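There are two complexes below, and they share subunit A, which is joined by subunit B in the first and by subunit C in the second.
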Partner chain A sequence: MSFGSFGLTFVFLPLSIVGYYGFSRVAPKMGTVWLISASLVFYAFAGARGLPYLVMSALGNWLLGSRIASSSARLKHVLLWCGLAGNISLLLVVKYSAFFLEVVDLGRFAAGGMGVPVGISFYTLIQVMYLVDCFEGLATPNSLLDHFLFSSFFPYITMGPLVRARDMKELLRRDEPAKLDNDLAAQGLELFVIGLFKKAVVAQSCAHLADTGWGLARNLTMVEAWVTTLAFTFELYFDFSGYSDMAVGAARFFGVKLPLNFDSPYKARSVIAFWRRWHISLSSFITTYLYTPFLRMRRRPTFGWAMASTILAMTIAGLWHGAAWTYVVFGVLHGVGLVVNNVWRKTKWPFPSTLGWLLTFLFLVCTLVLFRASSLAVAARMFGAMLGRHGVSGFDQDLFVGGAPGALRAAIAAAAGLACFTFPNADRISSAFTPSVRRAVGLGVLAVVAVIFMNSLAAKEFIYRDF
Partner chain B sequence: MDEIITKLEPIFRDVFDQPALSIDRESSARTVQGWDSLTHVTLVMAIEQEFGLKFGLGELQDLENVGGMVDLIRRKSS
Partner chain C sequence: MTSRRFMVVAFATALCCVLSLAASSYLLDAYGLFGRRAHPAVVAYRGERTTKYLLSYKYIPENFDSLLVGASISLNMDTKKISVSRVYNASISGANIFEEGLIAENVMARTKLDWLVVCLHPYLTMTHGRRTEYMTPDEYWSAFGSIGLFVLEASGFMARHGLAEDHHNEFGDSNYREGLSAEQAQRAMNAYVAERERSGVPSPNFTLAPGALDDLVRMLETAKHAGTRILLVYPPIYKARFDVERNDWERYWARVRPLFPADTLVIDFNSSRFDAMRSDISNFQDSGHLDRHCADQVVLEIARTLSAQPRSAGANIGRGVMP
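Moving on to the complex of A and B:
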């Protein structure tokens, strides 16, 4: 049961909402307990074996947050550093130990695994922000009950967006019954339907093309390689932004406005602009909690120091996505891309904006090959194919497109590609929400088409779920 | 003009190396040339020194324009 499934859309989400407002009327704390229970059930469906880690992380950080807020200045520092070390160690041991043992040629000592607990990369960063907020006096420590809700709230627990305690203020410290905010709920419904459509219709259609190309044992022609990589570029955006729209939409039913995670990133005209528009809650975390502390190590940071910090921060961000060299190289390349962009800006030479958009988009398509490839060797093979190493023309239409359903999926993927560059993003659409018959009909059509696609396709898991 | 903005203006001119730069509450990365992540941190550090304050990491996310800076400086100074 994940976002985009029948179970979540038609059973879990409505039950959670009704239960929350119902129990909250009896006693506000009962509403909180209901939401925690619902969130833990959701998490258990995503990966029950990760539950002990989630509970341990929530409990440990609740204890630390409370102690940090009430301690002397010196002890605060010690506790904060212990907390940061504890969180990062947990992530390193659980997610990266096998990778680092391989790097130093000690892979034989890696424990055979239960796999990486779902969402650990996300909730660890959320807890880090909570501890820093408690340390800086920007958050009042949560009660144990509130902290479990903050740590497990189902819209963001598996794949973000990364939230701070203040983003959840509507749900925390409630001492009066929750009341449904109709406007926010209507916006939530709109966002949820748009997200569902993006995932079930668009991302799945793009995935068919991308998976066909990536799954082929034979070498691809140049045309096939570009169709494959372009399809993945669009799949990733619609998959993750579709999830984010549903998560942000679901949270609004509970009165919570989660931070914006996407702002039409493929319209970006530079790599700098791209990172201001893509996975915004992660970019914001990287800038605030990695890049800025690096810069502040110097009394007056120089341009060279800032560029070195950029590459280091982006390399860590790349590795955050997964324990593999492909992600490390992805991060390094984006760090280098940002440096080149910054150096060019410094020269103040003009640059045609259309060319800027084209170069940025091509850079993304190429670097996302590393995001999708299972190894550097596989990525190198795809790059070779994109450069025409195995022939330029030739496209196996039967394989990539097939019959009428395949043609429909290919048409949807192509239209979606164009929509990335032209349509306003979902958040802007929902921010301008005003009830009208036209809007209701449009939304109804999207919902019906999404349900038809959900019914006819085997749903593919979200790409970011594995991070 | 707000007295905090009056004190901020020379800092902005120095950091952005623009002797004629004038700022108001709406000034931001969109309107001030050269306002990027490096100059933002340099600016924050210079403001901290000038006003004898220390901004928390979590507070930096809110400093999107001069108005946000003025409000935060006032809040932390009171």
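Moving on to the complex of A and C:
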């Protein structure tokens, strides 16, 4: 049961909403308990073996947060550093130990079989932000119940967006019955349906093309390689932004406004602009908790130091996505991209914006090859194919497109590509929300189309679920 | 308009659309699942895996008393020409034994089949498990409204009105590759044989996927428990190709044949009795697939073999509702 499934859309979400407001009417704390239970059930469906880690992380950070807020300045520092070290160690041990052991040629000592707990990369960062906020006095420590809800709230627990305690203020410290905010719920419904459509219709259609190309044992021609990589570029955006829209939409049913995560990233005209528009909650985390501390390590940071910090922060951000060299190289390349972009800005030489967009988009398509490839060798093979190493023309239409359903999916993928550059994003649509019959009917039809596609194709897991 | 009314209208629109879609799908009953149609939209297969899988729930059990399973090599065997038994051709292009087993087991769970005809080609056991996202029990629900259903209905409409050609008949036969010339077949065959002679290693087709033989055994055991008799068919392989690969074929059959029950009937089209058939390239479409004329000869031989056997008691005879 994940976002975009029948189970979540038609059973779990409605039950959670009804139960939350129903129990909250009896006693506000009962609403909280209901929501925690629902979130833990949701998490257990995603990966029950990760539950102990989630509970341990929530409990440990709640204790630390409470202590940090009530301790002396000196002890605060010690506790904060302990907390940060604990969270990062948990992540390193659970997610990266096998990778680092491989690097030092000790892979035989890696414990296999357990797998990485779902969402650990996300909820660990959320806990880090909570501790820092408690340390800086930006957040009041949560009660145990509230902290469990904050740590496990199902819309963001598996794939973000990364939230801070203050984003959840409507849900936490509630001592009066929750009341459904119809305006927010209507916006949430719209966002949820848009996200569902993005995932079930668009991302799945793009995935068909991308997976066909990536799954082929033979070498691809240049045309096939570009179709494959472009399809993946669009799949990734619609898959993750579709999830984010659903998560943000679902949270609004509970009165919570989660932060914006995407702002038409493929319209970006520079790498700097791209990272301001792509996975915004992570970008913001990288800037605040990685780049800025690196920068502050020097009393008077130079431009060179700032650029070195950028590359370092982006490398860590790349590695955050997964324990593989492909992600490390992805992070380094984006760091270098940001540096080149900053250097060019410093020169103040003019640059045509259309060319800027084209170069940025090409850079993204190429670097996302690393994001999708299972190894650097596989990525190199794809780069070779993109450069025409195995022939330029030639496109196996039967394989990539196939019959009528395949043609429909290919047409949707192509239209989605255009929509990325021209349409306003879900958040813009939602912020201009004014209820009207036309809009409601349109939304209903959009939901039906999404449901038909959900009923037509076996659902593919979200790409970011593995991170 | 208030936000509350907005939500009500959106929900009502979605609900109306979904209900009318499900109702019309139910009434049209393209896969013959709901007993609304004696003769489902079998005249226009699109998405062969989905269609044949869903037909195995009701249409095949209610209209046929025997089943032919195989990959694309038996896809154009027109079992309608077998008069002694109503044999549904469940062959699917690119299928493996797991997928064919899904259909066979579905049918056998719902009716007593007289014969299970297995057209055994190594391609069937080269892979294991579902080769696509299709043929899952969840797919049953796609009959209430899905892209595959709409394409099938549209294709059926076009076929009925002469706007498109239909490659299938109601017995599951497909003539999808007809029209290739003997010269094309000879070229393909020569290239294949030359490649085999050059490489000196068996074709990847002969690789046995782990688990594939278990799939085969499971299907055969289901048939045995159901009292369904088994006819094993070794399809004709072009003689020049067979001679190059003789050891591989014999090794493969020696490995697989013991898995079949001892009382299995066998027709070996690669025996000397069929040399004339196998030596004529015009009987083939390419390096493996049979020409329609050759497929008809194979079907006639199957019919002859079946008619020489007594009808089994209790088989699904005369229960057909198909016109």
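Quick notes
We adopt the following convention: the second predicted complex is superposed on the first by the 467 of 467 C-alpha atoms of A that agree within 3 Å, B and C clash if a C-alpha of one lies under 4 Å from a C-alpha of the other, contacts with A are read in each partner's own complex, and residues count from 1 in each chain.
Assume a contact is a pair of C-beta atoms (placed from the backbone, for glycine too) under 8 Å apart; a residue touches a chain by one contact, two chains touch by 3 or more.
Note that the structure is predicted; figures quoted are calculated from it, not measured.
Room for both subunit B and subunit C is found when the two structures are superposed via subunit A, with no clash between them. Looking at the shared chain after the overlay, A:G7 reaches neither subunit B nor subunit C. After superposition on chain A, the vertex angle at the CA centre of subunit A, spanning the CA centres of subunit B and subunit C, is 160 degrees to the nearest 10. In the superposition on chain A, A:R296 makes contact with subunit B only, not with subunit C. Of the two partner chains, neither subunit B nor subunit C is touched by A:G394.
In the superposed model, A:T287 makes contact with subunit B only, not with subunit C. By the touch criterion defined above, A:G115 lies against neither subunit B nor subunit C after alignment on the C-alpha atoms of chain A. Annotation: superposed on chain A, subunit B and subunit C show a minimal Cα-Cα gap of 31 Å.
Residues of subunit A touching subunit C in their complex: 182-183, 185-187, 189, 193, 403-405, 408, 435-437, 439-441, 443-445, 447-448, 451-453, 455-458.
On subunit A, the positions that touch subunit B within their shared complex are 129, 132-133, 135-139, 164, 272, 284, 287-289, 291-293, 295-296, 299-301, 303, 306, 310, 342, 345. By the touch criterion given at the top, residues 1-7, 9-14, 16-18, 21, 46-47, 133-134, 136, 138, 141-142, 144-148, 151, 154-155 of subunit C touch subunit A in their complex.
The touching residues of subunit B, when paired with subunit A in their complex, are 36-38, 41-42, 45, 56-61.
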